[in-house]
């Protein structure tokens, strides 16, 4: 990818939207799909069932760590790391003859407000090289924390990561979370407020992996990054923000994206625990 | 301690206060002193210096873990676990001829709005049995993350943990954090808003140790518990809450305290990411 | 398996052989195949190449641990645990049009002194349930410590584990190691003395997994156990011993096999560091 | 220390002795004292009691690791690493009014065949800087695996590490182990054969710390190194070898000492599992 690509969109809870940069540029969701599919799992199964399979604790380990699975309960620590996200995707069930994958695509499309598609080249590439994710899936199968078919689950997971969006799409999804689940353009309540609260909570404590603490400390807003260079941030009650710039740091976060969010939060005093927010 | 003891106080940002139960019962701060002394360290040294010595990441380990210190940077993960709290206390410096310990007592007294004292029996008991904390201190000395005198630092730490308060005192401290640093009775600005934000952020992600994620998920408010049976919770912009009941669970959290907070948050819709809060 | 089955054979360096119990009972090699195939890898590639892929250190972890692979070099700790054994099997190359698997079977047959065969039911059963071994293989592929085809390698590994032997066969293999590589019945030098020394060294320090230290302490002889209930022991310069009894303990060692070996070593003063051995 | 210092001594089971280099040079025992004091603990308490306090397994961690103590049983893995050696020293009891330390000095002197003394400068220096060992001691006290007084135990441990010897002394101690406990000059049986066997077994599997496996693989003889630059090696039934050269590698082993031992073992075919040894 051209490392100079850059795009950012703010979408308010009223549905107003402002973009700068390469705003038509498509990129794959990658890990930004994790909290979204997690909210779909909550919708299908409720909080209790989902969290009988995956925990809610930050790990202190990298996003793709396999170590934690050998420890204690063998349940993935949380749905924001690879193991927990694969376990979450494995829970999605087909409805009314619509396949699991189609359900995921439909759900994310409705959140974004337009039909989204999958980049099959990205899907094929991930599928061939994802030995670590395969290792994770087999280990979860071994520990009986994943009961679905491994190949189907991994295919669904690689497909959800390969869904193409713009920052406009991702900001609309973030804005839907900022309104506690009401899509700001269609006004449809797509997620229940309680499920949004749960999703934002996990994004806040675990969304930025082993730098989640630092993010909470410096930014203080629920966010999720993807290795494609995307970050989306939810400012509850106010707006959703999405940034895209492909150059990522050692933790897999967009370098420019991170700088923009940190700057914006500081200038607008958006930290969830700061004065600007609580008054 | 009598396990049936129970006390709870709410103090609003306007200084109004409501208590129930054994409201005159004194108990020692224990780990609830950690975020308070942390805010004093920020006041004396600023954020950058303090965090050159102690991190901001949740650990996934228990509050008294020593394992993490052997890993990577040897810097304690955060100021809410024992290693990080001892490192934080080691940073407090005397001012104008006032000893480090007296400064800590004065600072917490000013936050509580009345002069507090130390339970020397508790101090002596902790001092004699704290082999794990001594191990932590020596290991930090070995790694040069703690440069102060070990015995003096541990004595100050055990003393800060042995300061006696009521839920009224602790709720006032919490309310001071809820106003971004203005003590609601004296109207003095005792902590800068930025330092309150930092303190609340660390309480949110790390305050409840290896159940911090679960607490954020279920309660969604900055809080800190102490093994004496105390929990204090900050509802930013609204009120501070303190609960005391001596029976603690395996993680060192007050059993009744936890139940009360979970119930209250649900009934009043106080989760920081929920509708009641953001509108 | 009938837990009352029991068989033991001693084969001396002169080729004399004594058996007791169910001596015609066939059982699968399982992990006792690991040091044997390791010696074949040494023959094909030499010590340096083999150990560029797999280490020589005991782990302190269980035989099927995956944790160690995430740490440091990502190279399996040693060829006696599953990860290292799969990596070792992946190194075997076909020769003169003979397939890798056939080469392994031929080699072990020559050591045992008769043609051995594979139990396909056991092979199929292992193949279907071995999610942990699959996880290990994918993780090694991810870290580039295994470069061969995963499915082919795992099939070869499951097949080598499913080779059927009697204690007579296994004792002959052990006796071949006791003579520094000369098969005592055929007098063929099947392994070079240096490769035998290397193999015995790894059996001694790592052969009994996380109880290797205890085994060295109590028994003091190179040995390898398999989860089928087999143990073979090498008394250098004297004889090979094989025991079979299907009931295994928590570490995967035959309960009766272990007792017999411990008793025999004590009565005959066979510990490699004891008086009987060194004089 | 002058890194060019070098001394080596071989002492046979008959008491013949050959030295090269700076053979009068004194150096402190450091960790080479560990197996020696361990054999004294066996003499005073027997194998079962000693190993109710300290294990027999190699760790895969560095010599001064504290991590393992937090895991599982909290018992140190083995007597060759710092935690296990401190625990072992804590078991030594005074006899007939002779202090614990004096007993240790007397015992090692009798093994060496001459009265040894302690370098108090080294002792004082270790005592002041040993924060990691203090951390280990406090953690063992916390877990109740060490019940003796911490300061007295550490003082005894630092003193035993500060005993001054020549390679001649250390080779005589090694030769005493090579004869299964009979001091080759005085012909006194100072250690029982069984305790020698136990000591050699632990030196073999754990004596060279996290390179114990590599040492067993390349050298194949029981050995122990000290950070002062000393290594002693036991060739059971044949001779004891001691080398001293102060430059140590990252693992704390003498660089030249290691090279000399590796060369000698290869040329004389001394590996315990090799042809030269077993025939």
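As written, the chain order gives the labels A, B, C and D, with residue 1 at the start of each chain.
Throughout what follows, contacts are C-beta pairs under 8 Å (C-beta built on N, C-alpha and C of every residue); 3 or more make two chains touch, one makes a residue touch a chain.
Predicted model only: the values in this text are computed from it and were never measured.
Where touching is counted per the definition, chain B and chain D have no chain in common.
Legend: contact pairs of A-B compared by residue number with B-D, C-D or A-C; the interface matching in over half of them is C-D. Put simply, the chain farthest from chain B by mean CA position is C.
Chain centres here are Cα averages; for chain C and chain D they lie 32 Å apart. Between chain B and chain C the centroid-to-centroid distance comes to 55 Å (mean Cα coordinates, whole Å).
Mean C-alpha position of chain A lies 46 Å from that of chain C. For chain D, the set of residues that touch two or more other chains is empty.
Here the touching chains pair up as A-B, A-C, B-D, C-D. Here chain B touches chain D in the complex through residues 65-67, 69-70, 131-132, 134-139, 141-142, going by the rule given at the top.
Interface residues of chain C facing chain D in the complex, by the touch rule stated above, are 55-61, 68, 77-78, 180, 193-194, 196-198, 200-202, 204-206, 210-214, 216-217, 220, 222, 236-237, 271-275, 277-279.
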